[in-house]
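Two complexes, one shared chain (chain A), two partners (chain B, chain C).
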Partner chain A sequence: MNLMQMMMSPIITLIMMTLMPKDKKRMMENMSTLSSILILMQTMYLHMDNNHQIKAITLLFSSNTETNNMTMTTHQLCMDTLSTSLMMLTSMLMLTSMLMSKKTMYHTHKKLFMCLFTITMTLFLTLTTSSLMMFYIMFESSMMPLMMMMGLWGSRKEKTRATYYFLLYTMMGSLPLFITILIMNNKLGTFNTTTLQNMEIHTHTQQQLFMGLFLAFAMKTPLIPWHSWLPLAHVEAPAMGSVLLAGMLLKLGTYGFIRFTTPMLTNLSKYTSPMMMIMSMLSMWLASINSLRQNDMKRMMAYSSMAHMGMITAACFSMNPMSKKGAMMLMLSHGLTSSALFALVSFLYERHKSRLMKNFQGMSYTTPMLSTLIMMTTLAHMSTPGSMNFMGEYLCLLGLWELHPSMTMTSTMGMMMSTAYLLLLYIQITSSKPTTYTKYKMYDLSLNETQAILTLTMPNMTLGLMPYPMM
Partner chain B sequence: MYLLTMSAPMMSFMLTLTHKEKIKTTTMQTLACSMIFFSWMNSSIMLYECMMNDTHCQTKIWNWMKTEHMECKISLHMDLLSSSMLFMVTSMSLFVHMYSTEYMKNDPHKHRFMSYLSLFTFFMLLMMSSNNYILLLMGWEGVGICSYLLMNFWYTRMQANKSGMKAIMMNRMGDIALLMSTMMMMNKFGSTKFENLTHMINNKMQTIMNTISMLLLMGAMGKSSLMGLHVWLPDAMEGPTPMSALMHAATMVTAGIFLLMRSSSILEESKMSLTITAWMGATTAFFAATMGTSQNDMKRMMAYSTCSQLGYMALAMGISKYSISLLHLMNHAFFKSLLFLGAGITMHTIKNEQDIRKLSSLMKQTPMTYMGLMTASLTMTGTPFLTAYFSKDQMMENSYKNSMLYWLATITAALTALYSTRLMYFSFTKKPQYTHTQKPHTTSEKDILMNSMIMMLTLMSISTGYMTYTMLTQQQHPLITQKLILTPLMCSMTTSMLMTTLYTNNNLHNKTTLTTLWKNFNSNAWNFNTFYNNMIGEKMLTLAHYQTYKHSDKGILEKIINNNLTNIMMHNSQNISKFQSTKMTQHLLTMILFYSSFTMHIKSQKLNNSVLFWKNTGCSFKSCLGQTMKHNSLMPQFAKLKIVK
Partner chain C sequence: MENKENLMYKIMTTSLIMTSMLMTTFKNWMILYITMELLTMTTLLLMSLNSKNAQSKEGSMKYLMLSAISSTMLITGMLLTSYQHNSQNMMLKTLLSSNNNMMLTMILFKLGSAPFHIWVTDMYEATKTMNLPLIILIPKMAIISTLMTFETSNNILLMSGILSTTMGAMGAMNQKKMKRLLAYSSINNMGIMIMGLHMYTLPSMQAIMMHMMIYTTTLTIMLMTLHHTYYKKQLTSETFQNDKSNHTHKIIISTLLLSLSGLPPFPGFLSKWLIMSSTMKQQLMLTSTWMLMTNIPSTAYYLYTMMYSYFKTIMSTTKTMTENNMNNNNKYKMAILTFPILSTLIHPQLMLMPTWTVSTKMMNVPSNNKSPNNKIYINTHTQSKN
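Coming up: the complex of A and B.
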C-alpha cells in the first residue's frame, strides 16, 4: 500500500500543477518543493521498510498470466532494495532540482515543474514494473521530458543537434530491445520478468535475445562506441537536465543490466563477460584520458561520468554477488556526486556565464562556500575512503579481483586518472589569485543553493560511514 | 577513553570551522589547544597502560561494510605500537598547535589553519589506532588530503598549487597500491584485521605473500617518500612552517613506516620484500643526503634530511629490527620538529628569507633558536648519548651483516654531518655579509610561548632516546668488533670538522672546484622530476588531447557513427520525400501495389504456404518497382527541375 501512496503523490501534484494558473510562480515553487520533500520522505520510509524485512518484495496489482506451460498469478509492480534505493536517488535529485530551479531557470516554470514530475513518475514506474513491455514503454518515455527540457531551456543553437543525437542513439538501441521483447513474448509467452528469470532459455535463443537486451542499455549507459551523444547532451542541456541525466537516466542502463540482462541470460552473459569487461575497461580508460584535457567543465564531467559508468558495467558483468552489490552502491553514490558537481558547475555558469575552466581562478577567495562544496564533492567523486563512492568502488574492485586480478589493476588506473582530472578541475577553479572577471559578481551561494547541494552530499557522507541501509 | 582521544580533535575541528564568525580568535585558539591537550593526556595514560601494564585492547564502534563474504567494522585497536605512536602524534600536534597560535598571528585565516591542523590530528589518530587495513586506509587518505589542504593553505601562490597537486598524485599512487594489497588480503584470507592476518599467514603461500608485501611497500613509498615516489616531499615545503613541522617531519611521513611495522608479520614471510625494503631504505637515505648537501633553501634541505632519516627507518625495517625503527621514529619526530620550528623562528626574524646563502650570524639575534637548532643537528648526526644515538647507532651495528648496507649507511651519516654543519655555519656562525640590505627584525624571540616550545623540544630531543630506549627495545647488540661500532661516529665527526675548517679558511680555490663539481652532480635531483614530467605527465596530456580526443573521439568515432547516421537519415528522408510527389499516377500505383500484396497475403494464408507467398510478393514488388521507375524516368517535369538545381 505504501507503494501505491507514493505513486499517487506525484500524480496528484501533477494534476494540481496543470490546474494552477500560469502567473502564480511563487505558489507553484512552494508546492513543488513541498511535494518533492514528501516524496523523498515516502521513498525513504519505503526503503527502510523494505530493508527491514530482508529481501521481501512489496507488490501491487496482481494479475493472471499464461505462459506456454501453465497459468500463474504474477504482480505488475514490485520492488526490492535495488529499485527502492534508485527511487530514493530519484527523489533526492528531484528535490535538488526544485531548489535549483528558483535561481537558474528564468521562464515557463509551470512547464518545467510538469516535466520534472512526469520524469519522476516515469522513473518510479520504470524501476518498479515487473513487466518487460511496461518497462520498455517507460524507459522510452523517460527520455521525452528530458528532450523537452533540452529543447526549451537549452542555451545555444547547438541544442537541436544534441537532442537529435540523443533521440537517435536511444532509438537505435531501443528498437532492437522492442523486437527482442516481442520475440520473448512469442517464444516464452509472458512479459513478466520473474517468470522469465526462472525459465530455462535455450542458448540459441539467448544469443538472439542478447543483442537486443544489451544494445539498448549499452547506449544508455553509455559504453565506448556509442557514447558521443552524452557530452553533447550534457553541454547543451540546462542545469537541471544534466543533473537528471547524470544522476538518474544513465543509471537506467546499468539498472537494465542488473535487472534484466544478467539474470535472464545468465549463461550467455557469463560467456560474453570478457568482451563486456574489455569494452567497459576501454570506455573507462578512454573517457578518463579524454577528460584530462577538456576545457568545458560540463563536457569533462560528462566524460568522467562515462568512466565511472564503465566501472559499474564491468562490475555488473563480473557475475558475482559482491560486485553486484558494489555496482548498486556505486550507482547510487555516483548519482549523488556527479549530479552535485553538475549543479555546482551550473551555479558557476549562473554567476559568470561561462563554463570554460580557464576563465575561473581564485574562486575560494570570492565564493568560499561554493569552493568548499566543490572540494567535498570532488573528494567524494574520486572515491576517498569515508564516502559512499569508496564503498561501492571497493566492492566492485573486490568482485573484479575474484574474476581476474588484472581487471582490478586496469580499473585502479582509472581511479588514478579520476584523481588527476578532478584535482585539475578543483585547483583551476579555486586556487590562484582571483581575476577581475571572477571578482565581477562576488556573491556566495544562497541558502537555497547550499541546501540543494547538501541534499546530495550529506547522504553520501553518512551512507559512506554507515552503509547498512544499503547493504 | 579511547574514543575521547579520537573525538577531541574532531570536536575542535568542527567547532573552529563552523563557528568562524561567532568565536573570537584567541578563545578559538585556546579551545583547540586545550582539546589537543586533553587528547594528549588521554594518550599518555594509554601509553602507560600499554607500555607498563602490557595491555591489548579492542573496541568496536559500529559495523561498516558487511556483505556475504566480507565484514569490516569500525573498531579501534590498542597495543604498544599504536599507543606509542598516539603519544608521539598527540604531543607533536600539541606543540605545533601552541606554536602556530603565535606563528600565524598576522594571518587572516587562523581559523582555517587551526581547524585543518585538528582535522589532520584526528585522521592521524584514526590511522594509528585502526583495527584493520581498510579503516587504516581511511585515515591514510584523510591525512593525505589534510596535508594537501595545508600545503595549499596560501592558495594564491602558483607554486603551492603545483606542489599540492604533485603531493596528491604521488600519494594517490601509494594509496592505490595499499588498496590493492587490502583487496588481495581480503580475497586470499577473507579478512583485513591485523590479528586475524597474523594467525592466518603461513609459509606456504610464498608468491602471495611476496606480492602483498611488495604492494604494502609501494604504499609506504608513497606516503613516507622513499625513493621513487619521494618527489612530493621537498615541494611540500611551500606550506606554512608549523604545518611542515607537524606533517612533513614528525607524523604524516612516518605513516608509511608505521604501516610496514603494523604488517611486520606479513613482511617477515617474504625474504624478497625484506631485502628490497632494506635496499630501498639505504638508497633513499644516501640519495636524500646527497641532495641535502646541495640545497640552498633551508626548508628544502630539512625536507631532504627527513627523507634520508625515513630511509634509515626503512633500512631498520629491512633487517627486521622493528623496535629500533620505532625508536628512531619517535626520536626523529622530536628533533626534526625542533629543527623546523627553529627554522620558522629564524625565518620570521629575517623577513621570511629561506635561502641560507643570504643569512649570516643569527647567533646573536636568536640565541635560543641557535641553541635548539644546534642540539637538533647534533642529535641528527648521532652524537653519543643524545636521542638519535640510541637508535641510529644500533641500526648501524645491526646492519653489519649486509656489509654493503652498512657502508652506505655510514657514508650517509657522514653526509648528514656535512649538511647539518653547512646549515649551522651559514645561517648562524658565518660573519655578516649583507648587513645593510638584510636588516633583521627587532621583534625576535620575544614570544614566550614559542621560546618555551623550543626549550621543551630541546629537552625532549636530548632525553627521549634515553628514556624510551629501554621501554621499546630489548638489548639487540650483535657481535661485531669495536672499531665498526665507532666508525659511523668517527666519519660524521671528521666530516663536520673538515667542513668547518674549509668554511673558516679563506682559501677559496679548492672549495669552489669541489662544490661546483658536487652541485653539478646532483643539480637536477637525480632527474626524478624531469622523468615524471616529461615521460609520464606530458606524454599523458598529449595523448589525451591528440590521440584519444582528437583522433578517436572526435575523429574516427564521430565520422563512423555520427556522420553516417546523419547522412543515412538525410538521404533516406530525401528519398521518401521524392516518393511522395504531386503526381496522381504514382499514388495510384502505390495503392495498387498495396492492394495486390494484401490479396496475395490473404491467399497465402489460405494456402498455408508461406514460401509461395514470399515468392509471389517478391515478384509483384519487382514488377511494380520497375513500373514506377519507368514512370519516373518518363516524367519530363522532374528532369527539368533537376537541371535547374
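Coming up: the complex of A and C.
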C-alpha cells in the first residue's frame, strides 16, 4: 500500500460525487459510507504496516540525531506513527459523520458529501506533508469546507457571526505563521522540515519562527486568551461540523506543536515551557470552571474540549518522551470521545429540538440504548481506567511529574473538575423522574445512530485495554 | 436612438482598447501623454453614456476635473525634464529614471492609488456595471505595463503602495454599497501591485503579472454577475437576497470574494504569496508584514459581504436551495471566465510559466529555460544599486 494510492481514494470519490445527479440522495449516501469505510480500512492497513516496518516514533523524540527514519514515499509526502494514527482518526470521524448525515441533514446532500471529502483530503495532506508551506496551505484550506458547513447547514441566525469569528480568528493566527515561514525560507532556503530540524538556526530567527508557529497553533488549539471563537462555533455548527471540529481540527494545533515547534526549536521551547505551562493550566482550570455552569450541552462540551486540549499542550511542552507519547494518545482518545459526545448531543437535539440540559430527565427509563452510550462516552471522557483516555492522561501526568511535581498536582485538579461536570451532565440527563416529554415522546437510537456512536467508542475501549498498536 | 447609442458604445470601446494598446507599444513620452488624454476622454464618454441619474453625472464631472489637473501636471513635468536634458526627442526611460517625481505621482493618479484615490469610488458608482471592467481594468493594465518596461524603483512608489493598501483596507470597513466596496478593494490590490513595481526584480515582475491576471479575471466575473443580478439600491445586503432563486450567482460571487481575500486554496493566495516572497528577497520585512496585516481587515469585509448575505438566507430546516434556469449564454460566459481561475488552483504552473518568460523578456535577462520554481532569481537592479 502506497501513500499516494491512499490519497487517490478520496479524490476518486469526490469526482464521483460531482458527477452524481442531485436527486439520488440514497445512492450518494450509500456510496459515501462505502468509500469512507474503504478509506478507514486503507488507513488502518497503512498504520499497521508502518508500525511493523519502522518504529518511526523515535523520530519525534530524538530529532537531532536520526534523519532517515521518515518513510519518504513521494517527494513531499511522508509519514510516521503520529500522522497515520491521526489519519485513522479522521477516517473514523468521516464514517460517523456519513452515518449521522442520514438523520441530521435535511437539504443539499451532494454539497455536504463533497465538503466532507474535501475535508478528508486536506486533512490527510496536512498530516503527511514535510514542507512547511504546504502544511500552511492545507492547514488553512481545511477551514473553508468547515466554514461552508457551518454557514449552509447551521440552524440558527447567529451562525453568520460564529463563522465570522471562526474564520477571522484563524486568519489572525495564521498570517504571522505565513510571514515567518517566508522569512525562514528567505534566510535558510528550505521549506522542508527534516532538513530544518538538523540545521543550526540563528537565535533571532528561532524567536521569530517560534512566535509565528505559537500564535497559529495557540489560536487553533485554542489556549485561553484566544478561545472565544470555539464555543460560538460549536454551538452554531451543525452536528457533523461540531463532530469534525472537536474531533480533528482542534488537534491540528497540538499536532503542529508536536511536529514542528518542539523538534525544530528544542532549546527555545524548553526555555518557554514555563509560560506555556501557565497558559495551558489556566486554560484547563478556567475552561472546566466555565463548563461547570453551562446550561447548553454543546457549549459545555466545547469548554470541556478546551480544557482537555490545555492538558495536551502542557504535555507537549514538558519536553520528555513519556509526556509526548501521552499527548499523542490523548489527542487520539479525545478525538474519539468528544466527537462521540457531540454526536450524542446532536441526537438529543434531533429529538427535542433543544440542547438545554433541564429538558432531559430520566432517560434511562425510556431510552436505554442512548443512556448507556452516553454513560460509556462520559466515563471514557473523564478517563476511567480501561479507556484510552486513561492511558494518555496517565502518561501525560507522569511526564509532567518529571518536569515538576506541582504541574501534575494542578493538572490533576483540573481533570477532577472535568469528572464533576461530566457526572453532572450524565446524572441530569439519565436519572431522576422522567419528564412528560421523555415519557411519551422520546424514542431510542436507530441502528444507524448506534453504529455511528459505536465506531467511535469501540476503538476507544479496545485500545484502552490493549494500547500496543498506538504505542 | 437605440442604434445610435449602440454604435457610440462600440466606437468607444474599440478606441479604448486601441489607445491602451498604443500606450504599451510606443516608448515615446509624447505618445504617452496623448494616449493618456485619449483614455480619459473615452472613459468619460463611457461613464456618461446612458446616464440618467445625478450621481453618475457628478462622478463623471469629478473625474473630468481631476484628470484634467493631473494631465496638466504630467505635461509640465515632462516639459521640465526635457528642458533640463536639452532634447526634444526623448525616450520615456530617461524621463522616468531621472527622478522626476511629478510625473510619477501623476501616473499614480491615473492608476488610482492611495493619496489620489478619492475619484475611484465615485467613478465606480457612476458607471454602469457592464462598462466598469472596460473602464477600470484595461487602462490600468496598459499603464502598469508601461511602468513595468522602465526601471522605476522610486520611493514614491513604496509610499503610495503602503498608503493604498491601508486605505483600501480601512476604507471599506463599514461600506454598505457593493460597488464602493469593490472600488476600495481595487485600491488595496493596486497598492500590492505598486509595491511589487517598487521592487523591480524578476520574481516581482512575474508576481505582478500573475496578480494582474488573476485580479482582472476575478473582478470582471464579479461585475458580470452583479450586472445580471437585480439589485435596486446597490447595497451589499441586497446582492444575494433579492435573487433568492439564482444559486450559481451566489456560488460564483462567494468563491471569488474568498479568492480576493487571499485565503490559501484559492488563486488569490498564489499571487499574494509570490509578491510577498519577492519583497522578502529584497529584505523588506516590515513592508511585507504590513501588507499582510492590511489583508486582515480586507478579509473581514469580504467575509462580511459573503456571509451576511449568502448564509443568512439559508437555514437547515428550510428547503429553499432550488436552482433557477439561468440564461444559457450567460452561463457559458461565467464558465469561460471562472475556469482559468479554478485551474490555477489545481495546476499553478500553467500561469507561472508564461508570466516567467514574459518577465524575463521584459527585464532583458536570459530565461535559461528553467521553471520559476527553481531558484535562479537574477536581480541585476539591486546589484547595481549596491
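Convention: the second predicted complex is superposed on the first by the 449 of 471 C-alpha atoms of A that agree within 3 Å, B and C clash if a C-alpha of one lies under 4 Å from a C-alpha of the other, contacts with A are read in each partner's own complex, and residues count from 1 in each chain.
Please note the rule applied: contacts are C-beta pairs under 8 Å (C-beta built on N, C-alpha and C of every residue); 3 or more make two chains touch, one makes a residue touch a chain.
Keep in mind the model is a prediction, meaning the values are calculated, not measured.
J.: With the two complexes overlaid on their shared chain, look at chain A and say whether chain B and chain C clash or fit.
T.: Taken together on chain A, chain C would clash with chain B, as the superposition shows.
J.: One more residue to check, A:Phe113. First (chain B), second (chain C), both or neither?
T.: After superposing on A, A:Phe113 lies clear of both chain B and chain C.
J.: Who contacts more of chain A, chain B or chain C?
T.: B
J.: For A:Phe342, is the partner it touches chain B (first), chain C (second), both, or none of the two (neither)?
T.: Neither partner.
J.: Of the partners chain B and chain C, which touch A:Leu168 in the superposed model: first, second, both, neither?
T.: So A:Leu168 meets both chain B and chain C here.
J.: Pick one for A:Phe124: touches chain B only (first), chain C only (second), both, or neither.
T.: neither
J.: Considering only the touch criterion stated at the top, classify A:Tyr365 as touching first (chain B), second (chain C), both, or neither.
T.: first
J.: May I ask you to decide whether A:Met415 touches chain B, chain C, both, or neither, giving the answer as first, second, both or neither?
T.: So A:Met415 only meets chain B here.
J.: By the touch definition at the top of the document, which applies to A:Phe214: first (chain B), second (chain C), both, or neither?
T.: neither
J.: Classify the contacts of A:Ser141 with the two partner chains as first (chain B alone), second (chain C alone), both, or neither.
T.: Only chain C; A:Ser141 stays clear of chain B.
J.: To test your reading of the overlay: chain C has the stretches 166-174, 202-210 or 220-228, and exactly one clashes with chain B. Name it.
T.: Clashing stretch: 166-174.
J.: Taking the stated contact definition, name every residue in chain A that is touched by chain B in one complex and by chain C in the other, in rising order.
T.: Touching chain B and chain C on chain A: residues 168, 172.
J.: If we count contacts the way the header does, which residues on chain A are in touch with chain B in the complex?
T.: Touching chain B from chain A are residues 165, 168, 172, 225-228, 286, 289-290, 292-294, 321-322, 325, 362, 364-365, 379, 384-386, 391, 394-395, 397-398, 401-402, 405, 408-409, 412, 415-416, 419-420, 423-424, 427, 430-433, 465-468, 471.
J.: Spell out the residues on chain A that touch chain C in their complex, using ranges where they run on.
T.: 105-108, 122, 136-138, 140-141, 143-144, 151-157, 159-160, 163-164, 167-168, 171-172, 175, 178-179, 182-183, 185-186, 189, 238
J.: In the complex formed with chain A, which residues of chain C make contact?
T.: Chain C residues touching chain A: 258, 263-265, 269, 276-277, 280-281, 285, 288-289, 292-293, 295-296, 299-300, 303-304, 307-308, 310-312, 314-319, 321, 375.
J.: What residues of chain B sit close enough to touch chain A in their complex?
T.: Residues in contact with chain A: 62-70, 74, 134, 137-138, 140-142, 145, 152, 155-156, 158, 160-161, 164-165, 168-169, 172-173, 176, 179-180, 183-184, 186-187, 540-541, 543-545, 548-549, 552-553, 557-558, 561-562, 565, 569.
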